[in-house]
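You will see subunit A twice below: alongside subunit B first, and alongside subunit C after that.
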Partner chain A sequence: MITIEGLTFQYKNSNRNAVEDVHLSIRGGDFLGIIGESGAGKTTLIRAINGIIPHHLPGDYYGSVQIDGEDTFDVTPSAISLKVGTVFQDIDSQMIASVVEDEILFGLENYSIPRDEIEARLSGALDAVGISQLRYRNISHLSGGQKQKVAIAAIIALRPKILLLDEPTSELDPQSSLAIFRLLKELNEKHGLTIIVVEQKIMLLSEFVKELAVMKGGRLLLHGSVRNVLKNTEQIGKSGINCPRVATLSNRLTELGVKLDGVCVTLDEACSMARRLMYD
Partner chain B sequence: MINVENVSFTYQQECTLKGITFHIDRGEFVALIGSNGAGKSTLSKLLNGLLKPASGTVTINGMDTRKTKSSTLARHIGFLFQNPDRQICKNTVADEIRFGLELVINDKALVQQRLDSTLQRFGFNPDSNPFQLSRGERQRLALASIIAAEPEILILDEPTTGLDYSECTQIMNTINELNSKGVTVVMVCHDMEVVLDYARRILVLSDGRLLADGSTKEIFRAEEVLHKASILPPQIPQLALRLGQGFENAFTVEEMAHSLVARTRPQFFEVKEDAI
Partner chain C sequence: MKGFLDYALGDTFFHHLNPLIKLLISLLISIAAFISGSHLFIAALIALNLVMAARAGIFQRGVMLLAGLLKFSAFIFILQLLLVRRGNPLLHLPLNLVITDAGLSSAFLIVLRLIAGTMPLAIMLSITQMSDLSNVLVLKCKVPYKYAFALTTAIRFIPIFAGEMAGIIEAQTSRGVEMDTKNLFKKVGLILPLCVPLLITSVKKIEDSAISAEIRGFHLRTGQSCYKRYMVTAGDMAVLAFSAMLIALACIF
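And now, the complex of A and B:
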C-alpha cells in the first residue's frame, strides 16, 4: 500500500539530510510505530507520506513514496489527503472551530461531501472514537485526551485508508495515552485502518503496534515485528531509545543464565514468563 | 522549607484544589502525580507564588507567598515551565541566561561569572539562536537559565514532556545532580518510569485533593491509591504487584531479575559447557 524507496530529503537552508535512503513497505491494515530520538527524521517521514514534502516544504528530494501505486510527487496534497489523514503533533494548531461538531463538519464541507451523507459521517466518526457525548461541547473546555479524540474523529469522518499521527500522547497522562492507543487499535482491527504513529513512549508501542520502525540520524535503523526489533538490544541502545523494562528484564534474565523462549515485550507476557519459571 | 497548610484554590468559581496540607524539607526530591486536571500544575504554581491560595497558607522558608513579592520568592525558587517556549524570550542563548540572572542579581560581575559557568556547564554556544535549537535543547536552556541563579528550590512542571529518551535522561541527570548538592526538587510528572528512577517521595493528587503522601516505593505498592488516582505504576512495580508475595522489594529491573532467579525452577537454567 505504501512503498518508500530510497527516500532522501534535505530541507532548504539545512546542511544535512533529514531522511536518508529510507526504504520501507507498509501493507494495508498495518499498525506501525515509528520511534527514534529528536532529529531522527520521524516527522519528515510522516510529511513525505502525506505529501507536505515535497509539495509544501522546499528542499532536495530524492527517491519516491508511492501510495497504492501512485507517486506522491505526482499527486496533489489534497488528493493525497483523501487517502491519508494526519493528526499533527500540536493539537491546538489543528483545531479551527470552537465546537466539536463544527470541527468535524469543517473537513466534511471542505471536501464537498454530499449534504445527505454528512450527518452519517459526523455521527459515525463521533461514535467510532467514543465521543458522541461531546458533540456540542466547546473545544476549549476539553481535556488534552478529549481534544486528541476530536482531532482523530475529524480525520476519521473523511474516511481515509491511512491514518498518520505525530506524537499523539506527548501532552497526555498515562491513562489518556492508553485510551488513545486502545482507540487506535480498535480503528485498526475493526475498521481496517492502516495506522502509522510516531511515538516516544516505547511501552505503549510495544503493547499495541504490530510493527516497529526505529530511526536514527535520518536513517531507518530497524524495522519488523515489535519482538524482532526489541531483540536487537545493542542497536536499540545505540539508537538513543529505551527498551520496555520488561524486555530489558528478559534480556537480563538470559544474561543470568535463565532459558527463555524469547524477549517479552508486554507486561502480560512478562507475567506469564515469570509464572512459568516459578510454577508447574 | 515548603509548608502548605490547608490550601484551597479556585479558578473562575471552579474549585481546583481543596484542603491541601503537606511539608517538604530541604534537599527532598518530590514528585507530584495525578491524572490530567487533578490540580498538579495549579499546586506547582502556588508553590512559587505565581498563584496565591484562596484560603490556607503557603510558606517558603517562612515567607508567606501571599505577603511576599514574586520577585523576592524568585530569588529562592526556580520554576521550569512545561513548554520552554513560554519561557524563552531572547535571541541568543547568552542573552536568555543573562536575562534571568539580571532579574535576581544586581552585581554585574557576578552575573557574568554565573553566565560563564552556566554556559560551560551545559556546553552551549552563547551565540546560538534559542529558537533554532531542538525541543530538548530548548528545555535544557530553560533549565540552565533557572539554575544559573542558584535557587534553593526547583519546581518543574513536566520537565520531560516532548523529549526523547536521551534528552530526558540528560535533563533528569542534571536535576538529580543539583538535588544531590542540596537543591530541593518538586516535580510534576506523568512519566512514572522517571518518577521511579529519580523521586524519593510522591504526593498523589486526585480531583483537587491530596490522596496520598509517601515514599516512592510505598506509593507504587499502594494499589488502591493508584487505582483511585487513575495512575498506572511503572512496568516493573506493576509486574511485582501482579506476582504478589515475594516481590515486594522488586522495583528495578535488577531487583526483579534477582527475585525471579531466586525462585526459578532448576530446569530453566542454562547448563554451561564448562560446568559439565
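And now, the complex of A and C:
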C-alpha cells in the first residue's frame, strides 16, 4: 500500500539530511509505530507520506513515496489527503473552527461530500471516537485528550485508508494516552484503517502496534514485528530510546541461557514468564 | 481582556442572528456613533452595547472590553485635551498648555465614539463562529473562499496570539523580569522585545494551520460546498430595522 524507496530529504538551509535512504513497505491494515530520538527524521517521514514534502516544504528530495502505486511527487497534498489523513503534533494549530461540529464539517465541505451523506459521516466519526456528546462544544474549552479525539474524528470523517499521527500523546497524561491508543487499535481492527504513529513512548507503542520502526539520524535502523524489533535491546539503546524494561529483562535472561517463548512486550507477559520460571 | 474575540458558545437570540446581519448591525451602530455629536446619545449607544452583551450571555466580557477600551482611550483623551486650544480656558498648565471647555468636550466625544464604535463588532464577533462568518461571506457576498477564510482565520488567531503573549510574559515574569511595573514606558520597553518570540511562534502556528487546511482539501472547496444554510429571519430584519433607526436618531441628535 505504501512503498518508500530510497527516500532522502534535506530541508532548505540545512546542511544534513533529515531522512536518508529510507526503504520501507507498509501493507494495508498495518499498525506501525515509528520511534526514535528527537531529530531522528520521524516527522519528516510522516510529511513525505502525506505529500507536505516535497509540495509545501522546499528542499532536496530523492527517492520515491508511492501510495497504492501513485507517486506522491506527482499528486497534490489535497488529492493525497483523500487516501491519507494526518493528525499533527500541535493540535491547537490544526483546529480550523471554534466548535467541534464545524471542525469536522470543514474537510467534508471542502471535498463537496453530498449533503445527505454529510450528517451520516459527521455523526459516524463522532461515534467512532466516542465524542458524540461534544458535538456542539467550543474546542478551546476541551481537554488535550478530547481535542486529540476531535482531530482524529475530523480526519476519519473523510474516510481515508491511512491515518498518520505525529506524537499524538505528547501533551497528554498517561490515562488519556492509553485512551487514544485504545481508540487507534479499535480503528485499526474494526475499520481496517492502516495506522502509522510516531511516538516517543516505546512502552505504549509496543503494547498496541503490530510493527515497529526505529529511526536514528534520518536512517531506518530497525523494522519488523514488535517482538522481533524488541529483541535488539542494544541497537534500540543506541538509537537513543530506552527499550521497555520487560523486554530488556527477557532478552538478558535469554542471553543467560534461560529458555523463554520469546521477548516479553507487556507487563502481563513478564508476570506470566516470572510465574512459569518460578513454578515450572 | 482575556478571551477577547474567543467564541462564546450560547443559544440566545443574538447567537441565532444571521452572521451577515450581525456584521451589518455592528457597522450601523458604529456609524451612528460617528454621526452623532451628542455625548448623551453616544453614551446611550455604549449602554445598548452592554445590554446586547448581557442578552447574549457575555455581559462580563462586555464590561471587560469596556474597561480595556477605557484604558486604551486614556492616552487619546489626554492628547485631545491638551491639543485643542479653542474655547474657554478652564486650567492653565506649565509649558504653555491649556485645558479648555471645548477641548474637554471634544476629548470626551472622541473617547465615547471610539468605545461605541468598537464595542459592537467585538461583541458580535464573540458570538459568531468564524466558519459561519466565512460561509456567509462566500454565499451571500460572493467573496472568494480563499479571502473569506484568510479574514476569519486572522480574527480567530487574535485570542490565540493573545494567549501566546500572555504565556511569554508569564515566562519572563518567572525569570524575574518586572513585567508588572506601573511605569508605562518601562513596560513598553520590556514588551517590545517579546514581539520577536511571539512572531516566531505565530508564523509557525499559521504555517501549521495552513498545512492542516491544505491536507483537508482546502484548495478543492467551491462556493457551493457549504453544508449549512443561512436564512434571514424576521428577527434579523427587526434588529436591522432597529439599527437603521439608530442611524436616523444619530442624524437628529
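Methods note: the second predicted complex is superposed on the first by the 274 of 280 C-alpha atoms of A that agree within 3 Å, B and C clash if a C-alpha of one lies under 4 Å from a C-alpha of the other, contacts with A are read in each partner's own complex, and residues count from 1 in each chain.
Rule of thumb we're sticking to: contacts are C-beta pairs under 8 Å (C-beta built on N, C-alpha and C of every residue); 3 or more make two chains touch, one makes a residue touch a chain.
Please read these numbers as outputs of a predicted model, since none were measured by experiment.
**Q** Just checking: does A:112 make contact with subunit B only, subunit C only, both, or neither of them? Give me first, second, both or neither.
**A** In the superposed model, A:112 contacts subunit C only, not subunit B.
**Q** Give one of first, second, both or neither to describe whether A:178 is in contact with subunit B, with subunit C, with both, or with none.
**A** After superposition on chain A, A:178 lies in contact with subunit B alone.
**Q** In the superposed arrangement, does A:253 touch subunit B (first), subunit C (second), both or neither?
**A** first
**Q** If you stack the two complexes on chain A, which partner ends up touching A:241: first (subunit B), second (subunit C), both, or neither?
**A** first
**Q** According to the stated criteria, A:200 is in contact with first (subunit B), second (subunit C), both, or neither; which is it?
**A** first
**Q** Applying the touch criterion given at the start, work out whether A:1 contacts subunit B, subunit C, both or neither, answering first, second, both or neither.
**A** neither
**Q** What is the contact status of A:75 with respect to subunit B (first) and subunit C (second): first, second, both, or neither?
**A** neither
**Q** For A:142, is the partner it touches subunit B (first), subunit C (second), both, or none of the two (neither)?
**A** It touches nothing on subunit B or subunit C.
**Q** Using the superposition on chain A as set up above, list the residues of subunit A that contact both subunit B and subunit C.
**A** none
**Q** Help me check something: in the complex, which residues belonging to subunit C touch subunit A?
**A** 6-9, 129-132, 153, 156, 159-160, 204-205, 208-209, 211-222, 224-228
**Q** Enumerate the contact residues on subunit A facing subunit B in the complex.
**A** Residue list for subunit A touching subunit B: 36-39, 143-145, 167, 170-176, 178, 200, 202-203, 240-242, 244-246, 248-249, 252-253, 256-259, 267, 270-271, 274-275, 277-278.
**Q** Please output the residues of subunit A touching subunit C within their complex, sorted ascending.
**A** Going by the criterion above, the answer is residues 50-52, 56, 76-78, 80-82, 84-86, 88, 90, 92-94, 96-99, 102, 105-112, 115, 118, 136-138, 140-141, 154-155, 158.
**Q** Which bits of subunit B are touching subunit A when the two form their complex?
**A** Those in contact with subunit A are residues 34-37, 134-136, 161-167, 190, 192-193, 230-232, 234-236, 238-239, 242-243, 253-254, 256-257, 260-261, 263-265, 268-270, 272.
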